[in-house]
Structures are given as structure tokens and as C-alpha cells.
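Structures are listed in the sections that come next.
In the two complexes that follow, subunit A is the common piece, with subunit B as its partner first and subunit C second.
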Partner chain A sequence: MLRSSEAGGVVYSRLIAKEGDESTYELFIGPQHPASGHMRFIVRLEGDIIVSVDPDIGYVHRTMEKLAEGREVIKSIPLLERMTIIDSHNVTLGLVRALEKLLDVEPPPRARYLRTLLSEINRIASHLYGMGIAGIMLNHSTMFMWAFGDREVWIQLAEDLSGSRLTHTYSVPGGVRRDLPQGFADKAEKAIRYMEKRLRDYMAIFLDNPQVRARYEGVGVLRKSEASRLGIVGPNLRASGIRYDARLAEDYAAYSELEFEVPVREEGDALARMLVRVEEIKQSMSIIRQVLRKIPDGPFFSEKYLRLLPPPLREQVAKTGRVKFPGVFASLKLPEGDAVSRVEMGHGEIFYHVTGNGSTKPYRLRVVTPSFRNVILFRYLMPGHRFMDFPAIYGSLDYFPPEADR
Partner chain B sequence: MSKPVSSFKLHLRAVATGLKYLLFPNRITVYYPEEYVEPPEGYRGLIRYYPERCIQCGLCAMICPASAMKMYRTKTDRKGRPGVNYQRCIFCGFCVDICPQNALEMTKVHDVAYESLNELVVPPERFSQEPVSPAVAGGARRLKTVFDEERGLRHELA
Partner chain C sequence: MSGAEPVSLVEQKLREKGFEAAAARGVVKVRATPDRLRELAEETVNLGFDHLASVEGVDWPQEGVVEVVYHAESYREDLRGVLVEIRVRVPRDDPKLPSLIDVWPNAILLERETWEMLGVVFEGNPDLRRLLLPPDWSGPPPLRKDFKVVEEGTYVEVE
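Up next is the complex of A and B:
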């Protein structure tokens, strides 16, 4: 529905903003636009300068939390991992930790190391996804194809470990479902060496490329004070100079026994956010190396549940390295009480709050996802920039719409 | 960016990196269905059922998060036997992991296509047949994935 305005016969959208005069133009991006993801942005423009951006979430609308309250707890693991399918182990690890606190079960040391291993593989895959999308948003299709092709290497590693490419469902209360397969350390080492070389190529063709630098440098600056005031999480926060990481703040998996750095940068612009991700990939690879060197022997599933298995099955678990659930797993009872946990995903910190009331279903299950906390940045970073900067800033935020609509 | 000299070097480096991969590409394309990549050990593909081991306890149907596995009444048994609806199955493998009798097993087959929605519902009788990959049945060359520090992934004849 178009109407022409009186002046000069110029055709404007009928959605010309009411504020100000007709020079403010209201542009709807999405919810089905290829670059918007499953969401809508209401962008107001003056010429091609962005006046304001309203991120309008809710188009995926999956009600994960409510669905999880309607089914047995163990079934919420495969359900909730679909929130961030590109990072599916990290997204459920928090839930599993919360359930473990409620059920009063601790994973054995080997399981904690295995969780760290898959989490870091997922983090690399998640960052590669983010970088690929950021690349295609700048029309840099080489970066997009390279990042997605190299993601395949890490997905293949995750598949070797868990039996599934994306929906690993690896951690369950009490431990993990598979032991380390044979020859895994060798494969991981090759993948790491390959990736180290490729990261140098990424820098040459993308992040050091003057064309790309011109689009990223000094664009979408998030100041330190603003980042903490808005409650930003993940690499976006650390690129603004705040050294906060849930892997340090919360004792989960084997992170307290491993050495790693948390990359921080001061600039807070789009380039800094991208560079922090590259550094994090390097750190994750160093963590994977340490895990494979230090991983202790022993069971990968809690004795509390293994005890419930008949002796032949227990032996089978030890021999094959694949778990067998005891029958109670189909209807685990959550005791009365609350448990909270937080975990660092590729996108940032995810927070879980589970309330049990003695039944097999959680009374309440609440998730706060990193993308839900970071979506506010669209409103704060964009104004004042040219419209062309919109995809550059969007890409640098590594925002994942389905995760916000949990 | 007003540093023409250093920028020029960086431009050249970007172009050279692109050229390197133009001359020595590291593609990982597989020409399915002439070629078929064998999944790794422990892959979670279609499920196979061994009726003779089953004690008909129903745990597999109870734990299924997608309600894909159901207990079916059969003429000969008083208790039900499991069947799966592949329209719903998410291949999480919970049913296999909880089965106390190892009567369920995940095969490596994952590329089966169905012609009708009804075929996707697999009752206990059909559930006990070994699934067959159409590519393998059609004589595809079997490949396996190999990690390579130069190229990331490579595919070799299995």
C-alpha cells in the first residue's frame, strides 16, 4: 500500500513515522528477511542515517520453558538443546547442572572433563557460525563459506564423540552418555593444527582486509559503562573491556582445573568483538589440548545411577563406553526446592532456574539466554550510524534469534 | 583508513590468500549418491529392534522425548511391543540407552527416503528388519572421513 506524498510526487511508504516530519522513514526488516533471521527490526531512518531501531522478537515463539514444565525432566534436555542448535551442548549443560543440584548427584571427574571437551568443540563451532554469518552480512561470501566449511571439522569431532552432528544430548544428570572414542586425541590434534593455520588465513582475507576494517573499525562502539549497565554478556561484553566469563565465575565441568585466558579488548567496536571471538577459538583449542592430556581414568557416569543397573549391564557400560540408563531415568522425581546454574555459551552466559515440587516434571523451569540479554544492543548501538552499518553491527553481535525466543 | 602503503600490502595479502585457495582448493564435497560417507562408530541413525530379546517393559516408549516410540498391541502378545514413528523421532537415542535388554540398537543408516507419510510409521514387525541405505544398496562407493592437518577433512575409500 503506497501513497504518493504531495511534495514532488515522491512515493513514500505509508509507514512514514509520525514523529517529526516526513523525512523520517520507517523501514521494517523481517521477520522473513534473509538477513534478519526470525525476527523483525523496525528501523527509523533520516536519509540513510539510523535514528532508532526497535528489535521486535517473538516470531519463533517456541515456549520452550512452558513445554519443559509439561514433561519429565530428562525429556527437557533434547527439547532445550534446540534453542541454540549450533551450540547444543553448552545450552543444555546449564540445565543438567541445575538438575544435578536438585537430584543431589555429582558427575565423576572423567565426565567433567568430557563435558569440557564437547563444550569447547561447540564453542569453536558456534564462533565459526557467527563469523560466517558476519561475513555474509558484509557480502564477503568467502568468509561465509570458509567458516561454514571449517565448522564441519568440529562438527565431525562432535559426531565422533557423541554420535550426532548437532543435537548431541551428551550430558545427562550424573555424567555423560559416551566415553572418549579411540583415536580421538589424534583427530582433535589434527583439527587444531588445521584450524591454527586457517585462523591466519581468516585474518588475511577478512579481519585484516582493509575493506572489512573500514566497515568494522570504530563502528557500533559499546562503552564499558554502557555494557555493564545494560547487562551484556559473552564476547560482546569482553570486547568492551570487562573481564567476565561464567567459566571463571561458576565452578562447572573441569574449568577450575584447566588454564586458559579470557580474551579482553578495550575498543568495544565491531572489530574488537570479532577479534575477541578469534582469540576465544585459540583459547578453546588450548583447552581441548589440555583436556585430552589431563583427562583422568575412571567411570564417566555417576555411581549413584550405575548401582541401579544389573551387574551384566554395568560391565557392559564399562566395556563399551556407552551408558545404560537405569529404569528410573524415565521418571526421575525432582525433590522440592530450587536450583540455579549458569554456563558460558559461545554467545555468552546462559542462566537456568529450576524449581522442583516432588513430581517427575519441573514445577517451573526458567531460562535466560545470552541472545535475549544482548538483543537490547540493537537499540543502543545503531543510532547515528549509516544504514549500511546495520548489517556490520548485527553480524558483529553474533545474535541468534531462536535463542531469544525461548 | 588513510594509510595507503600499509593498506596496499594488506589488500595484496588478502588477494594472495584467495588466489592460494583458487589454485589449491580444499573442497570436501561428496558426490552422493555415487559416493556415500560412512558415519563413525556409534552414530545415531535409524533404530533396529530385536524382538527376541525384548521383555516388553515399555521403558523405551516412556522415555521417548518426542513421543515417537509407542507400544503397539500385537495379535500374539498380551503386552505391547515398541514401534517407532520416524515423523517424530529426533534420534536422541534415549530409547536405546534405557533398554535393559539391548533389544534396540542404533544403526549407521540415516539416508532412507520414504514415499508416503504412512511408511514413516514403523510398527514392531517392520521395526525388526535391518534398515538399508538406498545409496549403499545402489552400489555407492563407501568413503570414510579422515582428519587432515593440511585440509581439515578428507574423504578416503573405506
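Up next is the complex of A and C:
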């Protein structure tokens, strides 16, 4: 049934894990290996040419879809943000958008800007993580240590805003949990100026380094038609020449009111994927500047739900700029019906489909993460390359195993 | 949502081919029967929705069916705000559907997950192996409603 021809731009035979005969060498990498993350690859080699790669995901599977069906829907926000802990606000924003569509509530303008702010801080931190890991996979430990050190700057900004370093649980249906703290704009401006200087350093030591270029240039080329047919998402897609971003496709947060470019490159190789990430960090910083300049005054939580709070609590919210949830919020009933939403994470587009049946728990909560959609690239891009290209391609894909596993 | 116009255009084109389609909030919802699924999928690809965002299963034990839901999306500028949702119902005790990996190549892993989690057999997918669960896992498919999650108490008793 599978055609090995190039129908629709995809070589189907490359998608199938091959067994091979006695001349192929079977190599198991992971699941506890510094270069594999928490996943296992079954790589089949002929000499040092890769014949096929079978990504064996599932090592950190935590059955999040099933667990989410068993609890009140508001509790699935802190549950699901654990799947991409390095990018936790973007992960849950999709769920919150889907719930808002289902519950028919809109966040006030200030909340939409605050969501954008934390999303972009998370995106920068996520890209720095990816670039650091890509560095260590090429044995470039300076890049790894620099990127992880500089990530701290953005994590602290996120902590200032939301109160926690990694699992922010910032967006909730109807708005955000906390208002903008005082003096945040100055801190953010300082961080942006620091990062602009550091990005030049990164280019000099890593991406303009001739040895790194030799490992990345022309390696793991994904053509435009293939990227589209395989449903690749995120920087990996845009490095292949397709200008698609869920921030443009889906109307969420304040992106329709802000100006930003979607960086696109035509080459589709590992280097292009890395350079797209660098450009996206610059764009994110520009978005943060715009948000802090343009952010409107007003409530940060929807009037519809504020009315559920008892009066003393409502006063407290206005005074402190923080929402403390009463029990009634945890028993929000999901109406019958379903809602979908798509949100752009650092790794790419995340897809949510929530089905409600009138109870407090979702009847079915489906999530497809960007890493799960990109995992097909291991099968597709690797065959034909030398084994030494494996870590280079893997690093450039910015794959995050816990996210694919859920 | 980038304009209601492409949504109604897609809806109209699928209706012309004789499928029940309804559009709401940027999603074109289509129902199909298992024997017409492939035809509908090919039609959707021809309209520009050349890859899947998701394949999922929803279990409805009272009605005795598992509903398989496909969401197809497009990277084309004019269609990027639109999703096509295809729902197919299969009997719960013998859930079988044709595999769509030659229509949407990225269904290969998504179908594998739905097979594992809801027990829907995709005939023609050469790769139906365990994906997320351990290889020695047994019991009913875990995303069916008759599979109950056993939760540990707050205190774990030490023997």
C-alpha cells in the first residue's frame, strides 16, 4: 500500500523502519543517554551510513490526556504545563484558549497583553535551551553553558511576572492570575539589551564558527514540499521556506495588534533551522518592547468570573493585583460541545481539542504537541547521512522528549 | 480567525461532493462513514489541507461507538485559519478503519497512537506497534472509558 515513489513530494519508503539483513548494524541509543534525552533510538547502520532510525518514544509517558479526563478542568492547567516545563506558559495557553471558547468568555485587553509578554519570555528561554542542547550535541560546551546561563535572565523575568520560575500557571480561563509588577519594564529592557549583545557572541562563537558550519551546512535538508506534507511545525517548518505561524493563523493573545516578522529561510538544512531560532529571539524581544509600551490599563481578569468572587475577595484582587481562586472556580461546568485551538510554542504549533459533556471534567482532552509532530523527522531526515550527522540533525530539530510523550 | 470567506468556500466545496459539512469558528466539520472516508480525505487534500494536525478517538460506551476525529490543516496563506474536522464512527467491539497514510503521510504516528490508546485498527498501516505504552502492557485500551486510572493515596503504605 505504501508507495516508494515521490507522490506529493514525500518519499514514502523513508518513513518505514527497515529491518535490514546481516550487513546492517543495529545500534540502540538511550533511553538514558546524554545525547538522546529520555528516549530511545533504534538506529540501523551500514558502515557508518544510517539506513533507518526508529524513534522509540514513550519512556516518560505520563498519560496526561487520561489524567486530565479524571479531574476538574482547571486542574489540568498545572498538569499539562509539566509536559514542556521549559516553555510552560505557551503549552497551557492553548488549553486556556480552547476552554475560553467552550465557556464563552473573553479575556480583557490587559490580560491579552500580559499573556503575550509571558509567552515571548518563554519562547526566548525555550530557544536558548534548544540552542544550548544543540551545542552540547556537537561537543561545543561553551555554547551549552552560555545558553543555559543566559536562560536564567529570562526565567527570573518570568518569575517576577508570575511568581514561579518554571511552572507559571499564569493564564486561566478569563484572564491571568497576576498583574504586571512595578518596575518590570526596566528589568525587561535591561535583559533585552544584554541578550542583544549575547546573540552577537553566540554567532561569533557558535553559528559563524567554521567547524560548526561544516557540521550543519547542507545537513538534514528538508524541502518545502516535504515539510508541508509531513505537517512539520515551528522553526523547522519556517527554515524550509514556509511562512506559517500559529500566531498568524489563530487569533489569540495580543498578536493581531502587534507588529512582528515571521523569520523564514529557504535552505531547509540544520544551519537554517538554528538561524531561524536566533532571528525569532530578536523578534520576541521586539514584541516584548512593544507590549510594555502599548499595554492598556484596565482589569486583568474577566468581569464574568470576578462577579463569582465574594465582595471582600474582589476588593483584595483590585488592591493586590492577584487573583485568589475561590472553590466555585474549580467547579466550572464545561458545556456540551467541543472547541479546538492552536498556539505557537517555542518548538512549534500545539493543538488542543477539548470535548465537554456538561460536567466539571472534560469528556476528552486531546493535545498534539509540536515535538510529537516533528518526531517523524527522525525517520525521514536521517537515512543516508553518516552517523556523525545524527547529533547535528537531532540538535537542530530542537526536539523535547517529555513533550512528545505527554 | 482570518476571515470567514475561505471557511464557507471549503464548506461549500465539500457539500458539492455530497458530504455533510457545517462551519463554525473557523472549523469545517464533516461527518463521514468508514467506506467514504478515503474519498473525503482525498478531497480534503485536493482543497489544500495536505497534512493532519491530529487524529484522536473519543469513546462513547453508551452508544457503543468509538468516534475517530481527524483534524486537517493547511499552510497556504488563504487557508491557514481554517481547520477541517472529519468524524467517523466505528463500532466499539470491532473498530476498523482504512489507514490514510498514503493520503496524509504524517498519519503514520498519529494512527499508531490511536490504535494503541483506543484499539482502533487502521488497516494498511504497516507500523501498528506500541508507541507510548511499555511493550509488555496489557489490558483494555487506556483511553476507553472502561479503563479506570488507579490513583495512589496520599500516603503510600510501606510493607
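One rule holds in what follows: the second predicted complex is superposed on the first by the 382 of 406 C-alpha atoms of A that agree within 3 Å, B and C clash if a C-alpha of one lies under 4 Å from a C-alpha of the other, contacts with A are read in each partner's own complex, and residues count from 1 in each chain.
Criterion: a contact is a pair of C-beta atoms (placed from the backbone, for glycine too) under 8 Å apart; a residue touches a chain by one contact, two chains touch by 3 or more.
These numbers were taken from a predicted model, which means no experiment stands behind them.
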item: Subunit B versus subunit C as contact partner of A:R364, first or second or both or neither; value: second
item: Touched partner set for A:G384, first subunit B, second subunit C, both or neither; value: neither
item: First, second, both or neither for A:R229, with subunit B first and subunit C second; value: second
item: Partner chain(s) touched by A:P296 [first = subunit B, second = subunit C, both, neither]; value: neither
item: Subunit B versus subunit C as contact partner of A:G58, first or second or both or neither; value: second
item: Which of subunit B and subunit C A:G149 touches, first, second, both or neither; value: first
item: Which of subunit B and subunit C A:G47 touches, first, second, both or neither; value: neither
item: Overlap of the subunit B and subunit C footprints on subunit A, listed as residue numbers; value: none
item: Residue numbers on subunit C that touch subunit A, as the complex places them; value: 1-2, 25, 27, 45, 50-54, 56, 58-59, 69, 71, 73, 75, 77, 80-81, 83, 85, 99, 101-102, 104-106, 108-110, 117, 124, 126-127, 130-134, 142-143, 147, 149
item: Sites on subunit B touched by subunit A in the complex; value: 1, 7, 10-11, 13-14, 16-18, 21, 28, 39-44, 57, 59, 62-63, 65-66, 90-94, 97-98, 100, 102, 106, 145, 147-153
item: Subunit A - residues contacting subunit C, complex; value: 1-3, 7-8, 10, 12, 15-17, 57-58, 61, 63, 65-67, 70, 101, 228-231, 237, 242-244, 248-251, 339-340, 342, 349, 351, 353, 355, 363-364, 366, 368, 372-373, 375-376, 405-406
item: Complex contact set, residues of subunit A against subunit B; value: 71-72, 74-75, 77-79, 142, 149-150, 152-153, 156-157, 159-160, 163-164, 167, 169, 177-178, 181, 186-187, 190-191, 193-195, 197-198, 201, 204-206, 208-211, 213-214, 217, 309-310, 313, 316, 322-325, 327, 329-331
